[in-house]
């Protein structure tokens, strides 16, 4: 209990003090995870929409695999990306191991199935309602997918936020491909892991509280925007 | 684009339905229907629930493929001249955008250029008395208003044929009146109306000719007045007297 | 329309990323694979800014277990190795993955244990005897079990004590498969004995009931070595910059800086680079 009280104190101190290293670490966390989510959305949203609307052999198997990838352990993704980006690996010459770019790649891979699986579900539900009318108006599968992506934008925003939450909260992937290098690839979660392993539990928990508050603030802002827009558009 | 300027051989009509069958789930929903639907009058396909009317409509519109037989237009729809036949469904499907944008969406899919779309869409809404709702989000409109937006969306395409599937089944009397007035206007402007309903009142008010269906077959086809004064088939008579649901 | 706005956002993000990446590429930096115990002792936080100020070269330390650090070296993902497992390091060089192994500094291991001291070894000076007593009492003992330098040292001590771990293993011997810090956390909450390097122990904050019970035995000596990854094997290795760093920590200035690092007035590492 007193650890938690100490942690609250630490968190308050950190936030009030605007410690430059903390600001740098938080900035990097958000930069990496936001970039990853943008990439994951660019890939995952059209992919989910395509699977929702198209009919092809093996479609059910694809859906099952996609849903299963929701449970992809971050440390496994980290390991696979490490093997890809290592100098001894196929993409070694790119030289991006132990840099934020590698972290973005790993998190994008982790988050894409989340966005694809959830958008597939949301759009498939909408497709049931819209299919006849869109076919009647002459929409081909691509046009239908794009129309549904825009029409379902509110539930898709929630999906993207879920993806961001997964990215900013994970530690397994960024630890392995980033290396937790001080000042270069240290993000909130790896910093918390480090402080925990150093036995400085109040500081670790304090950092955790800072991270949670920021994510909460982001979600609150997104929620307000969504509510306002939803009231207008129905 | 005026329909009157088209030569008869350019017209989609007559629609020729030949030996049409449709089976699903082991059941025969359409049982060997042969029918020709020509231009001019408002054709209402009437019958009890489960008669296969909606399925027939969807096959004619092109949403479903028949199990055997065919429903063929006079000419195949030429590419790039927009939708020559449109459909309005029982439940209007509105996109999450303004009423105007919903109508413009149909025009966009039909290949109408951007600067023409807004004007044509607004004109269509105006013809249906919905000009004041153009900027409102379509999904927050009332049922009757949404259905009229759906009709405006179909009408804006200036189709030769307009299919309607139980368009007023879910509407209150006021909205029903407004929608039926819209259907009448469109018919008067030259579009062929083919409407499905199980509602005797709507059929009496709107039909020029009746195609009566029961259990997947066309049992009778006649001029509306003659049909309601003296139906030829025993089932039709039972239906008119409310004994067949 | 909306698609355009999304596209714009994406291109801005990619451009920003590319800009930041190229900026980083311009900087002079090397990648050093080291151990978690070295990182957690805080040595690098003290040492590297001095080097950066002097040469403008950024030293990026990836802190891993010794086993993993050597693997990183074999793959060519680091330029320099800075670890503490002499036999493994010598093997690394012999296999051609490294140029040469140089001794840098040493610290020592300490045996840490609970106040209750069920094995009755507190204050002793003989580490091997202590290990025998722990085994005899089946006192709870936490092992890192992660192929680290510390783990390797621990295994050597069991061997010296004549204890065959494979048969002696039981519920008293807990392998956590983790770094020094997490293992200490576990030992602290379990009130168990654990072998730790002094550096991590001195900066470890979650001690609970643990304290040093045995220290000073020469067998607890923990030697650190530094190796340049072989550029013949991995041509992209930053040979000059890496060697520059190695030369500096072996130099008088570097060695003095290592000796100057203290926690609570206590020196953690003892420089012992040999001349020539």
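As written, the chains take the letters A, B and C, and residue 1 is the first residue of each chain.
Just so it is clear, a contact is a pair of C-beta atoms (placed from the backbone, for glycine too) under 8 Å apart; a residue touches a chain by one contact, two chains touch by 3 or more.
No experiment lies behind these values; they were computed from the predicted model shown.
Of all chains displayed, A has the C-alpha centre closest to the centre of the whole protein C-alpha set.
For the pairs A-C and A-B, the larger set of C-beta contacts lies at A-C. At the far end from chain B, in terms of centres built from Cα atoms, lies C. Computed from the mean C-alpha positions, the centre of chain B lies at a distance of 78 Å from the centre of chain C. For the pair chain A and chain C, the distance between C-alpha centroids works out to 32 Å. Computed from the mean C-alpha positions, the centre of chain A lies at a distance of 46 Å from the centre of chain B.
Residue positions of chain B touching 2 or more other chains: there are none. Looking at chain C, no residue sits in touch with two or more other chains. Touching of two or more other chains is recorded for residues 150 of chain A.
Taken together, the chain C residues at the contact with chain A in this complex read 2, 9-10, 13, 17, 20-21, 24, 31, 36, 40, 44-45, 58, 60-64, 74-77, 178-182, 184-185, 188, 200, 203-207, 234, 236.
Looking at the complex, you find that chain A touches chain C at residues 34-35, 38, 42, 86-89, 92-93, 95-101, 104, 150, 179-182, 184, 194, 196-201. Only residues 58, 61, 63, 83, 86-87, 89, 93, 95-97, 105-106, 109-110, 137-140, 153 of chain B touch chain A when the two sit together in their complex. Looking at the complex, you find that chain A touches chain B at residues 129-130, 132-139, 143, 147, 150-151, 153, 232-234.
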